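After the structure tokens below, expect a handful of questions from me.
Note that the chains take the letters A, B, C and D in the order they are written out, and that residue 1 is the start of every chain.
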Amino acid sequence: MYCMHSLLAEATNATFWLPKGVSSVASDVDWLFYFTYWVTIFFFVLILGLVVVFALKYRHRPGHEPCAPGPSHNNALEVIWTVIPTILVFAMFYWGVRGYMDMTIAPPDAMEIQVTGKMWTWEFTYPNGHTDSELHIPVGMPVRFVLNSEDVIHSFAIPAFRLRKDVVPRRYNKLWVQATEEGTYPVYCDQYCGISHSRMISEVKVEPMSSYRAWLVKASNWETTMTPLEAGEHFYKTKGCMACHSVDGTRIIGPSFKDVFGDTVEMNDGSKVLADENYVHESIREPSAKVVKGFQPVMPPFTKESLPDKDINAIIWYLKSKSSHFKGDMGAGKKLAAPVEKK
Amino acid sequence: MAQLTTTPLAHPVGHDAHNGHDPHLAHHFDTMEQQYRSNKTGMWVFLATEILMFGGLFCAYSVYRHNHPEVFAFAHEALDRKWGAINTIVLITSSLTMAWAVRAAQMNQRKLLSFLLALTILGGAGFMVIKSVEYKTKWEHHLFPGRLNVYNKEYKGEAKPYADLLALKNGDEEAAMGGDEVHEAPTAAAIAVPPEYVDPNAGGPDAAKIRANFAVVPGLSDKANEHLEEHLTLSSLNDLDRSRINAFFSVYFLMTGLHGIHVLIGMGLITWLFFRSLRNEFSSKYFAPVDLVGLYWHIVDVIWIFLFPLLYLIH
Amino acid sequence: MSHATAQHHEEHSIAHPVPLWLLFAVFGALLVLTVITVAVASFDFGDLNIWVALGIAVIKVGLVALFFMHLRWDAPFNGVIMICSFLFVALFIGITILDSHEYAPNYVPPAPIVAH
Amino acid sequence: MTAISTPLPHDLPHDGHGHGDNYLTHGKGLMSWLFTLDHKRIGLMYMTVVLGAFALGGAFAVALRTHLLWPHQDLTAQQAELYNNMFTLHGAVMVFMFIIPAIPAVLGNFILPLQLGAKDVAFPRLNLLSFHIYCIGGLFFVYVLLSGVVHAATGGQVTFPGGFGLDTGWTFYAPYSTSKASGSVTAAVLGAFMLGFSSILTGLNFIATIHSLRPKGMTWFRMPLLLWSLYATSIIQILATPVLAITLLLLVAERTLGIGIFDSSLGGDPVLMQHFFWFYSHPAVYIMILPAMGVISEIITAHSRKHIFGYTFVAMSSVGIAMLSFFVWGHHMFVSGQSPMAGAIFSLLTFLVALPSAVKVFNWLGTLYKGDIHLTTPMLYVLGFLLLFSIGGLTGLPLAAINVDVHLHDTYFVIAHFHYVAMGSMLFAFLGGMYHWWPKMFGKMYNDNAGRVAAVLIFIGFNLTFFPQFIAGTHGMPRRYASYPPEFQIYHVLSTFGAYTMTTGLVIVLLNWVHSLARGKKAPANPWGANTLEWHTSSPPPHDNFKVTPEVGDPYDMSGWVYDQATEGWVLSDEPRAATSHH
């Protein structure tokens, strides 16, 4: 009846109490849930029955002589109703911990996706370094999520997987799952994280390895899907530029991107530099080389792996679009860089 | 006998119940002893809450010392164990005079009582004076809690070079403020940029298993378990640890500050006793206030007895 | 435990003056222990350091509690209260420490993982 | 000899009942109340403020439920801010100002000395002080509330120094509360600090009172069970609340100084803050339920006219629960990144709490067995309690099973479970207790039928409110959501209408009480025939509680009382005295 090590467990069907369970641990969780559920039902019905029966049978009413008061203690009974629950709870405890260990110990060969929670979005970094706001995982393959938050505590919850873990700043929390059935399932943030907490909802797409690969390739090679301009904006938002650089001129930690491109900028050492493609590229690769006057050299450098040159070029297009000093033609920025040629 | 009888009251009832009774006996107590005992119990329960309250701070202290022994070992150099020891002795002495005062009250030695209470107040005052001297040094070198601390990465105060805490303790101002490269303030960048990135999940299948179970999590300070050399210098700490030095001072000031407040409250109470003792209010029949305040004063001492080695004598 | 059964006691029975010599003996002991605390701080017992320091502190506290605070002659319950409070502090710290390994002190913000 | 020989205390010539000298009429004027040292009056003052807090928290709850009638897929920032403020204040007000003080501070203050046969608590001044501190703490919350509501209502036009409103949740989790929350967290935290301090003073008072004011003959195991549970509660208040105090101080320091103990952006550990918080707040849950259990034990034996079943086990299980409550706080952190070992330990200890709770329930059932059950209003609340507490307790099992909890953590399942225990059970015990001791408090009877109707209505409303939330939770509905996926709407709608039903019932209760005060008929000294000492004095009791000190016997041996048609109350037959006369 109860198979503990069912790594390739089949999905459990949706019931009145539980949604469809589509992960390898779902069957264990559901089994224990229903075990406790029936224990609960049994004891509740027992108590309810006794309460009702006693309340009716022994209720004070005219013409009913109260029977001789019952006993006021009975050690045998006390022992019974202490021992039986003890046995039950120890069993539940044991199964609970066993199941929890299965949840905790990921297979060593698990593929790894980094999950970053920030007010109020999820960001997923795939093994190839591509960061995206969509979560896709291949069916039947163990996936390990490494959870981390940029600001406050969030909680990464996927009811269909019966899984949940807080996403804590300055900590790596880990979670692994082996999805057993294709489909799209909701992902919630379960730890209150501010005004838009209830909007921090995403979804996970479980799909066959082939289509997962296809999607990842497509997503990481934006040329085929986005114009440089769109891509630039995408990277500006997903690669962390947005945190320190505004595009509306407001001064945050770093200088704003508004009207920078093509302008002449004064550096800390007093020198003046024309903000052209070379300057932007250098400022991303080695930010401390030239530091704009009045700013701290706090920006981390981006390597070729974390931000390929073509992505930087896209960002440059985005800067151009935000600068009144750039009088050139935006045309190229608005065309697909590598249109998929039809066969 | 489980039966009930209605017996006449053993004592007169009502507010005018005090007639013929000790004026200090509250109307809801039968005897002075009952009143005394319940006061004692009440006071002890209150002391328990005090201990638990400081317990929270001790917990914060333990967690951070446990995770960053090297940081604590380095930062505590700023504290002067000479003054700490002297303060311990001052406080113990005032405890003695307080205990003696209780005895004096119980034995109707009125003059002695007032004198001992005065001594105790002096002891407390001395303790606070020494503490303020210590605080002053910290203040001058921007070693205050949180953002007021020069090691805090949000520190906004005037940029002073970092103090050589060891020299600071030995009162060697020049060495302390001499900003040679070892003691240079790490720039904001130095704090912000991590040393090198560690893949949290590196390691074979076993590593993964162990880690998933109770083992050390990747990223835990490797210094945490390793044995420490005698005198740490700032250069022997990595940037992350440097940025964390202010945690020690936060704990230090919270603990000693909260303790200091208790000392002040105690002094206030003892002053109150002092004036009452001048009015000869205490006797072998009525000395509960002296006794209870005494208990409070001793618990303040007890807490310091723990604070001293934990804060001043780390190594 | 203290009952209201005290009518028989004489009033003065509540006062337990501690002998003067005892007070001073305790005081002396406390001074000596303080000196020892400072002295041992210069020796290195490795991991035992903290326990040595705490051990001495506990002895000192014991002396203060028993004699300065009259626990020696007081209702046992008051002693129980004090011991309990220390036990619960220990419980609190103990379990929290037990868990503090999970807290990665030298945490470094995640960077994208290079394709392998 | 006639059955009724000894006249009741309130018939004795020297008794003030005739010429109205009871604690209510003892002093005149507002000041004689605000600065009274009489535990009974302090209890009544607590009652008014606590009921006010309950009304406030309840109003928030109804507003929240109304908001959740619709999924709000197009949630505006203003709605969200309002919602977050309201669920935070609902939690904070209910927990710190209603649930925790309700039974100890109201019923406890009034009943405890009476049941001890004492004239007052050990430290009447401290008692008054704790009430005043409680009010000050309440004022802090009121300020927070006003600032938030005004700000949100005026669409951010009006702002307040130190932020406005409070949207951290009553748990004040760092780092949101320390670095992000704009609200007047500091004010709220100071308020909670005050309330905690007041609760400490109450607990301190009760412990000292029970230890030193027990009359001759009342050994520990002749204490009424309410005293046992209040004693256990006080232990928790004493040992746990100080940790809350220091946690809150650290939070304030974090916000003002940035000390970096909890705040991750300064190198602190947010999960450490959760350890601190739950070391208090889990035992606090038992501060809520333990006194309720005591009240139930009193009412159930009085109204089924039968000796409590298994006295020793009920008494000891209270102490057991109090002790266990300190060892289970980690189950609030099963998914927070706590080490699996700690998780396993806490899971086991959490399961153990089920045992003393089960023992209590079964002993109460044993008390009903072969009793002479009067289905009075208090008794209906007791029966309701037994059912709600069973559901609340049993739904704790899946939450204690650590891998199932991973699925249920932070969902509506937890909300429902918590409300069944802390709100349902505790509220039913509180209302039952109010009805049970109402005649003693005010010397007036109430309309029993209206009381019964209200009880049934509240019971139905409560289950309609919270049972659907179990289902929503198992399907993954997260907590503290101002907007939610449409598929959950059905549960929310049911829940909301349940809330309306419950509110109706509570309004009836209030009217019932007001009516009783206005024109309820005079209550006899002992309307239930209970044998705990408070029923040995007149209703309402005189200023000094007892004209004659009753000698203590078995508190649940009610054989000495016989019903007296004339006074519609119970009076002592002289038969027992005859028995004791020969010694």
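One rule holds for everything that comes next: a contact is a pair of C-beta atoms (placed from the backbone, for glycine too) under 8 Å apart; a residue touches a chain by one contact, two chains touch by 3 or more.
Everything numeric here is computed off the predicted structure, so don't read it as measured data.
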item: Chain separated most widely from chain C, comparing mean CA positions; value: A
item: A-D compared against B-D, more contacting pairs; value: A-D
item: Centroid distance [mean C-alpha coordinates] between chain D and chain A, Å; value: 38
item: Between chain D and chain C, distance of the C-alpha-averaged centres to the nearest whole Å; value: 34
item: Rounded Å distance between chain A and chain B, as computed from the means of their C-alpha atoms; value: 42
item: Of all residues in chain D, the ones touching two or more other chains; value: 211-213, 239, 243, 267, 269, 271-272, 275, 337, 339-341
item: Shared-contact residues (touching 2 or more other chains) in chain A; value: 101, 104, 112, 146, 170-172
item: Where chain B touches two or more other chains at once, by residue number; value: 10, 34, 37-38, 41, 45, 48-49, 51-52, 54-56, 59, 63, 200, 212-214, 217-219, 240, 244
item: Touching residues on chain B, where the partner in the complex is chain C; value: 10, 22, 30-34, 36-38, 40-41, 44-45, 47-49, 51-52, 54-56, 58-59, 62-63, 66-68, 81, 85, 88-89, 92-93, 95-96, 98-100, 102-103, 106-107, 194-200, 214-222, 224, 227, 230, 238, 240-241, 244, 284-285, 287, 291, 294-295, 298-299, 301-302, 305-306, 308-310, 313, 315
item: Footprint of chain B on chain D - complex, ascending; value: 6, 113, 118-124, 126, 200, 203-205, 207-209, 211-213, 238-243, 245-247, 249-250, 253, 256-261, 266-269, 272, 275-276, 339-341, 531, 543-544, 546-551, 553-554, 557, 560, 572, 576-577, 579-580, 583
item: Footprint of chain D on chain B - complex, ascending; value: 1-10, 13-15, 26-29, 34, 37-39, 41-42, 45-46, 48-57, 59-60, 63-64, 145-148, 152-154, 212-214, 240, 243-244, 246-247, 250-251, 254, 258
item: For the chain D and chain C complex, residues of the former touching the latter; value: 211-216, 220, 239, 243, 269, 271-272, 275, 279, 326-327, 330, 337-339, 341-342, 345
item: Touching residues (chain side chain D, partner chain A) in the complex; value: 75, 77, 80-81, 84, 167-169, 173, 175-176, 179-181, 264-265, 267, 269-271, 304-313, 335-337, 340, 343-344, 347-348, 351-352, 354-355, 358-359, 361-363, 365-366, 368-375, 383, 386-387, 390-391, 394-395, 397-398, 400-407, 409-411, 471, 474-476, 478-485, 556
